[in-house]
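Some structures are shown below for you to check.
Two complexes come next, and they have one chain in common, chain A, joined by chain B in the first and chain C in the second.
== the complex of A and B ==
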């Protein structure tokens, strides 16, 4: 059986590993940590702003500029990836590739996204809805007054507004602790007894017809926790994702990891991949910085899904030189000046568009040719998009991972 | 329109103005201080945090050296909570002239600056990151000082003696009658109200802006030549003592451990406008290179933030010979009577933060003399304690505090260990303040994440406190992020660039902060 090494366990790495294993490859997934999904919002963005708000993401994908990752990926690449993702985690992601949801964030903005978790869907609000935003006094990363205040003054994409008010509940997730993280609350909400106590505290404070907004901490393992809580309250509820550590992201991470393990992917995590050997135009192996001696992983093909600047896959030194930190791959966009400008609200920073160029098979290009015939890139490493601004990171990651995996499977 | 009447108006809320208003109030005059922004927002908040031992000047400026040594001893006593007694080294770098250390030791002996040469091995043992190639090391009594704590200490002491401190009050006009100062007009920037203050005396302590103030009273132009210096804060303490190059004063010759960071400074470039201070890329590179000489590997350390300050250098050919007793090479009191035929106004320029108390003593002495009154300066005799601080500042104080209240309160800024109560207390005292005003008191957003995690929490808590509404809260958050960026982008690389990418994922990615609605009408922050 042919061996493929995938490096990185964010959305791109996990999707690539699953897809390759499903296709019959012997897959090793190397990751230095637990991946980036728990840093994100736990939904799948395809395209949210161009910079106008996008209602049909697939349609918008077909109109991106040359040089954008979606130009190489194409709408069909995105559609294939989205249906594959829904297959991978059927109870966790729902949505229509041709219609974005617009879901409230933890500052009360309405964020476009394509696939979302069932526990978030009641947040796709209709004009005239009444929302009560419920804060947990011991959880500092969700400030209900801020969410409600901004939500109430926001025009919905289809016009009209909602009303919103904020309340706080002093639920104790861990006895004696006043500064509990979202994860501590999520573990508490997995417990039906805690949910019952919480519902009893909250229910008397709700008005008829209100939709209840809660921080996305309603259970980590129990996929029915939100439904159970909603039933107990007698109100629709929806979750709002929090800054890291994001329980919603962690759910996705755990589900994709479990799926990969079930598909036979071998996971090697907690060790940094630091070097490689090449044989002409092919990568022969990569090396992990294990102690006491480095460990070599040989393979027929490699998928580089190490991420962008946030992951350390791209880096700029004090002289302003930008590098891809594992293979030293050629980068596009780094020649632009200035790479960083001084106007915070004045548009994207060119530095964050820097990355590798790829062909439609996701092979990394240098001077228009594949740098290594068996090296493909997926995810944030690919140049040409300011993902957090346009809300496109997950779609690019999943689609590039599927394309990379499928083209490898064809060759093996 | 509001009307006030006081004996003395002090203009400028930096260290000089705060020291002066305290001195004036302690001598029994009624007084008001006017500051166009927040206290310590100009030069005082934009320096490297060094409390000079005097060592820097023992060769180049002996009088300043002696003044610094004396004031260092006074400030570390009367404002103990604002001062950390780090100690300092003057080290001869691998390529520096070792004979300068001999001049240094001779100068120190002559100027009364305590200094003692120690074996290089001892210096390296105490500061293991120092360049192993240093050739000589001299130990001095350098300390570090929080410029904001220093200013608030003086301002609070002044209030205790009856002074009024009016921040966000911008001076617009100074009235004179028959060649004598009669009133100062200002605008309360928070509500647009005009304020007129009748007074017999104006003390102009506006630092690099002193020329603009003097011109309002119709004085001949005062030539303020702002000297821009940039500073770069590096995460963590690369050194625990102040480390100076033992050379004639030059750019990038000092590394100062302050709070949770180490600050390298500085440059000196003449500029025209103290309100427009660029942080030039070549000067940042110069600081990194200078850091490498003191601490090898400096370029791989994490640069957090940069800022530029304007030195209040006054060059004035009209200063009369009779004024020179009020002058040292570092500071100058300009008497507008002899110079401009204008009674009731003195301008002070030059000087340094370490000698701020002495500068105040000089200018208030000069005022008393002009008024024909004998009132003695007592500012060196009375302490200004900082609440909760021990005898002197120690860097672990917040760890200590949080250890006590961690079961009762939340930590809102993990980088700087700021609790919820610290934030709500400061907000209650300054409900119209911006988050930057609160930051200067609390260090909110000054750590490695530069506001990435704490600023959303702070915004929500401020809103829940009901001191502000949702539009103001949202605009304050926007302004805070914008202002953090001013000091971030010029130094952005390595781990801080990586942090910025994470912060962007949070603010733009998860929160979609770019698409919050705009305020319906302009919010005055």
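== the complex of A and C ==
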């Protein structure tokens, strides 16, 4: 069996590892820590703003500029990845690649996203709906007055508005704690008895026909928790993702990790990959900084899914020089000056577009040629997109991972 | 020269890592203790945040609820040495008022030596409720805490008394390290490891060996632990230079590989030498397999067993080698527990005030074990095995058991 090493366990690394294992490769997944999934919303953004608000993400993908990751990935690459993601976690992600949902955020704005969790879907609101935003007194990361106020004054993508009001429930997630984290609440909501108590406190405060908005803490393990709560309340409910610790993101991270493990992926976590050996134009092995002696991992092919600046895959020194920290790969976009401008509220920071250039097989390019024949990149490391403002990071990560994996599988 | 443990604790490299914390909360979501009790405010608060306010003694006494399982350090994407910071701060906090109990259960060799010859009596005593009640009251070890199974023969006794194996040993010599538990309580694990190594063609050398000091270290007794770990390095080095040291005691291996250095700041050539030569038993077998040198003519074992990778193995950064090796046995279905921690974390779960917390930490694991098999569970470290077996009621052994069996040795 051929060995493939994937480095990084964010969305890109996890998708690549699953895909490779499904295709019959012997996969080792190396990562120095948990990736970005549980810092996000637990949804899959494909393209949200170009900068106009996007309603059909696949159509928008075909129109990106040359140099954008989606130019190399293509619409078909995104479609394959989205259907693969839905296959990987069938009870967790649903959606139509041709139509973005517009889901309320924890500040009450509407955010375009492509795949979402079933527990969030009732948040794709119609004009004229009545929403009641329910806060938990002991959860400080969700302020229902803020959400309801902003939601009520937001025009929906198709025109029209909703009405929204805020209420609070003082449910005790854990005795002895007046300030519980979202995770503590999620664990409590996994318990049917807690859900029943909560429903009994909330139901009398609801008006007929209202849609109930709740922070995304309605269970971590129990995938039916939101359905059960909705039935008990007799109202549709939807979850609004929170800042980290994001329970919605945790669900996705756990599900993709469990799936990889079930597919036979060997995981080595907690150690940074710090070096490599190459034979001409092929990477032969990478080295982990295992204490006290480094360990070597040989493979036939490698997927570099180490993320961007936040994950330490890219770094900038005090002279403003940006480097890719593992292989020293050539970067594009780094020649722009200034990489960071001083106007906090001003336009986009050019530094976000720095990364590696790739061909349609996701091989890393230097001077238009693959730098190493058996090295592919996936995820944040790929140059040319300001993911947070475009809402494109998840789609790029998943699609580049699938393309990298598929082209490796073809070669093995 | 070994640095003084407590001084090191205040001015360590770990402390320098705290500025890398971006407050992402990833560690908070994985800490098994914070998940089950409001008494512990979690790794981010107790580690990089509280550390900023420490000048000598800790301002936050919930620190003592950290079990030192190391999970937070493992998952932190920014390289913050959270668990190490906690262990160091605890050592400072306890410097002046260490409970007698923590001193006692740090002394693993002593406990083993005392208990071995009188094993049947010790066993009776440890299983005896009134005596345990007295223990709980006097030394504050919880009356239901798991206790090591005392044996009537030590590993050393067996190794020296058995007929000398004739060989040949085409693969040459290796040194075997069993740790105190493997010497006094987990005698079967040590025997089976030696027999597998010999079956593979290695000549097994077992030097006289003391304790690695892990139990003292995790209770904040850095001075004694440093002395012990260096003494052990001398013991192991006496068996021969450059030889691979194979260990069936997952937690002690971690102490030698990185904890003595990273937590207590031991800078010593002897430790570096032993640390780079020591490998976990299952890691050793996996490395052989990767090199194409492991015979895989395993007899089928038609069984479904739960496997739990202990924290102290996970923090060695080698993945879960036992899973990979056990997968080579035909018909054997090994199910990874996926659980973070069994709760015992060395000696943490023995303590009266921590017992309930430790049981809650381990509950998802115990439930998983019971749901997977009523016959057998597997885990690489001793205290975790005692904990899993005691709390799930399912017999729990080192993975070498099934390797031994699949090679037809039992």
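The rule is simple: the second predicted complex is superposed on the first by the 412 of 412 C-alpha atoms of A that agree within 3 Å, B and C clash if a C-alpha of one lies under 4 Å from a C-alpha of the other, contacts with A are read in each partner's own complex, and residues count from 1 in each chain.
One rule holds for everything that comes next: a contact is a pair of C-beta atoms (placed from the backbone, for glycine too) under 8 Å apart; a residue touches a chain by one contact, two chains touch by 3 or more.
Computed from a prediction, not measured in an experiment: that's the story for all the values here.
Engineer: Go through the superposed model and pick first if A:244 touches only chain B, second if only chain C, both, or neither.
Structural biologist: Touch partners of A:244: chain B and chain C.
Engineer: State whether chain B or chain C is in contact with more residues of chain A in the superposed arrangement.
Structural biologist: For chain A, the partner with the higher number of touched residues is B.
Engineer: Which partner does A:39 contact after superposing on A: first (chain B), second (chain C), both, neither?
Structural biologist: both
Engineer: For A:183, decide between first (touching chain B), second (touching chain C), both and neither.
Structural biologist: second
Engineer: Mind working out whether A:288 is in touch with chain B, chain C, both or neither, as first, second, both or neither?
Structural biologist: It touches chain C, and chain B stays clear.
Engineer: One more residue to check, A:174. First (chain B), second (chain C), both or neither?
Structural biologist: A:174 sits against chain C, while chain B stays out of touch.
Engineer: In the overlay, answer first, second, both or neither for which of chain B and chain C A:341 touches.
Structural biologist: first
Engineer: If we overlay the two complexes on their shared chain A, which of chain B and chain C does A:312 touch? Say first, second, both or neither.
Structural biologist: Both partners, chain B and chain C.
Engineer: Tell me which partner A:236 touches in the superposition: chain B (first), chain C (second), both or neither.
Structural biologist: neither
Engineer: From the superposed pair, tell me which chain A residues show up as contacts to chain B and also as contacts to chain C.
Structural biologist: Residues 39, 176-177, 244, 310, 312 of chain A touch both chain B and chain C.
Engineer: Touching residues of chain C toward chain A in the complex: what are they?
Structural biologist: It comes out as residues 22, 24-26, 28-30, 35, 38-39, 73-79, 257-258, 261-262, 272, 275-276, 314-320, 323-324, 327, 336, 338.
Engineer: State the interface residues of chain A toward chain B in the complex, per the touch definition above.
Structural biologist: Going by the criterion above, the answer is residues 39-41, 49, 53, 105-111, 138, 140-141, 143-146, 149-150, 152-155, 166, 176-179, 241-244, 246, 308-310, 312, 315-320, 340-342, 344-345, 351-352, 387-389, 391, 393.
Engineer: What residues on chain A touch chain C, complex-wise?
Structural biologist: 28, 32-35, 38-39, 174-177, 181, 183-184, 187, 244-245, 250, 258, 261, 264, 266-272, 288, 290-293, 295, 310-312
Engineer: Over in the complex, which chain B residues touch chain A? Could you list them?
Structural biologist: 285, 288, 299-300, 303, 406-412, 420, 453, 456-457, 459-461, 463-464, 469-471, 473-474, 477-478, 481-482, 484-486, 489-490, 492-494, 497-498, 500-502, 504-517, 520
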